[in-house]
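Residue numbering begins at 1 within each chain, and the chains themselves are lettered A, B, C and D in the order written.
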Amino acid sequence: MRDRIKASFARQSMIQTFGATLDAIEPGLVTISAPILPGSRQQQGFAHAALTFGLGDSAAGYAALTTLPEDQEVVTAEIKINLTAPAIGDRLIAKGRVIKPGRRLIVVSAEVFALKDGSETLVAVLQGTMVPVKL
Amino acid sequence: MRDRIKASFARQSMIQTFGATLDAIEPGLVTISAPILPGSRQQQGFAHAALTFGLGDSAAGYAALTTLPEDQEVVTAEIKINLTAPAIGDRLIAKGRVIKPGRRLIVVSAEVFALKDGSETLVAVLQGTMVPVKL
Amino acid sequence: MRDRIKASFARQSMIQTFGATLDAIEPGLVTISAPILPGSRQQQGFAHAALTFGLGDSAAGYAALTTLPEDQEVVTAEIKINLTAPAIGDRLIAKGRVIKPGRRLIVVSAEVFALKDGSETLVAVLQGTMVPVKL
Amino acid sequence: MRDRIKASFARQSMIQTFGATLDAIEPGLVTISAPILPGSRQQQGFAHAALTFGLGDSAAGYAALTTLPEDQEVVTAEIKINLTAPAIGDRLIAKGRVIKPGRRLIVVSAEVFALKDGSETLVAVLQGTMVPVKL
């Protein structure tokens, strides 16, 4: 499972553009993080919502993938993000979680934190639906 | 209004990372597009959902900004994306629209299309809430 | 199709509690309305969000059902509602629409209007996902 | 706080139509439940999504209200529901929670459980935004 997720992760060029890393993989729980690069910012210099979203969506998607057999991938059907604070800091950390596994639909959530001077601030919560697809 | 939006757009480094351009600005309606760059892809080579989301969110946000006085910016409070087809093609085009203007909250939507060989396919719809903030 | 939808509608006791009626059925488009009954209100006397949601969700669900073969039903996987104005008036009218049909997932939207003294005000927009299920 | 919430609750006629009760009020956490009445059902006899939504939205809204001064009410700006299982049972229990308090926006979530033969099944998760309004 771990190898499969690492391989899928490595094939996403956007993940490399973001400089993201896969930090923890457990059944139903995946953590991804990325620096807030000079090229990942919005107009005030904070992390762009596309980065916050991308990390949260990926963490939730890979959390879903941990619940599936090896011949399946997941795609995001829909996901909603509430932004709870400006994403100020050095790094974003996204923690994805499976709320309800399933063969047809997997309900997931994610929390995204900004790390600044060693302390974490919640900057976003996501709730969505992943769909298993045969490879 | 047009100059203000162009200036805000130019200050977002992520927008430059994505190679996005501001294609049309009308009251309550903004169109943004971007190529699907080699560095903007998911594991199957299609546009990454972070790109689709980023363009849709930005188009919706700037559509909201067209309804506000000059001393205000907008921030996304929340937005939801339903992905309707794989984002296959050369370019994504996001069309943002104001559904309900307001002083405290602005309800917005966006459609994102993938352009391939001259024809557009709907790849995502978004619905969300923008919040005006004083500069 | 029309008879199937009417039969499904009649079997929902909540629909009768709300006093809702099925006003129009076309492929991909269904309109449902209901009076704002004395028992359907929130603390200020306006229509309760549960009524607004229930009508919007049902209109969207039946719009999805019009795209399916006769041996299938739909269930709501998820739906999001943005409330755009207080639901003040005599009657709510919900117009559901299919955005993207599909065999596994159907993306839908709905608009809900409050009718007061002959004029309609948009009170909510919904965006969601319906799932076909075999009967 | 407790009295204020109870008074607001009692003024909602829909809550009485649903037979809902206010079961627990703590800062940032409110529990509401209701029987699945004969008049609250969908076509298969399970709880209607309007009931599930109404309880989840109310629990989340009252959780938000616990964080506000006495001269304020809340209204739902937007909320999204993912339905995770059919709502089969005798009673629905909704647990609302504040994720991020605020003066302009309050981010909330709720879980809804169906109670059947003494055991609880998660039937829905909600994530949304409440807005404080002066009375």
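Here, a residue touches a chain if its C-beta (ideal position, glycine included) is under 8 Å from a C-beta of that chain, and two chains touch if they have at least 3 such contacts.
Everything numeric in this text was worked out from a predicted model, so none of it was measured.
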item: Selected pair, greater C-beta contact count between A-D and A-C; value: A-D
item: Chain whose average C-alpha position is farthest from chain B's own; value: D
item: Distance from chain D to chain A - Cα centre to Cα centre, in angstrom; value: 28
item: Centre-of-Cα separation between chain D and chain C, whole angstrom; value: 20
item: Chain centre separation in whole Å, for chain C relative to chain A (CA means); value: 33
item: For chain A, residues contacting two or more additional chains; value: 77-78, 80, 82, 107, 129
item: Touch-based graph of the chains, sorted into line, ring, star, complete or other; value: complete
item: Complex interface listing, chain C residues touching chain D; value: 8-9, 11-18, 38-43, 48-51, 53-54, 57, 73, 75-83, 86
item: Residues of chain A touching chain C in the complex; value: 77-78, 80, 104-105, 107, 129, 131
item: Partner chain A, residues of chain D touching it in the complex; value: 80, 82, 84-85, 99-100, 107, 109, 122, 125, 127-129
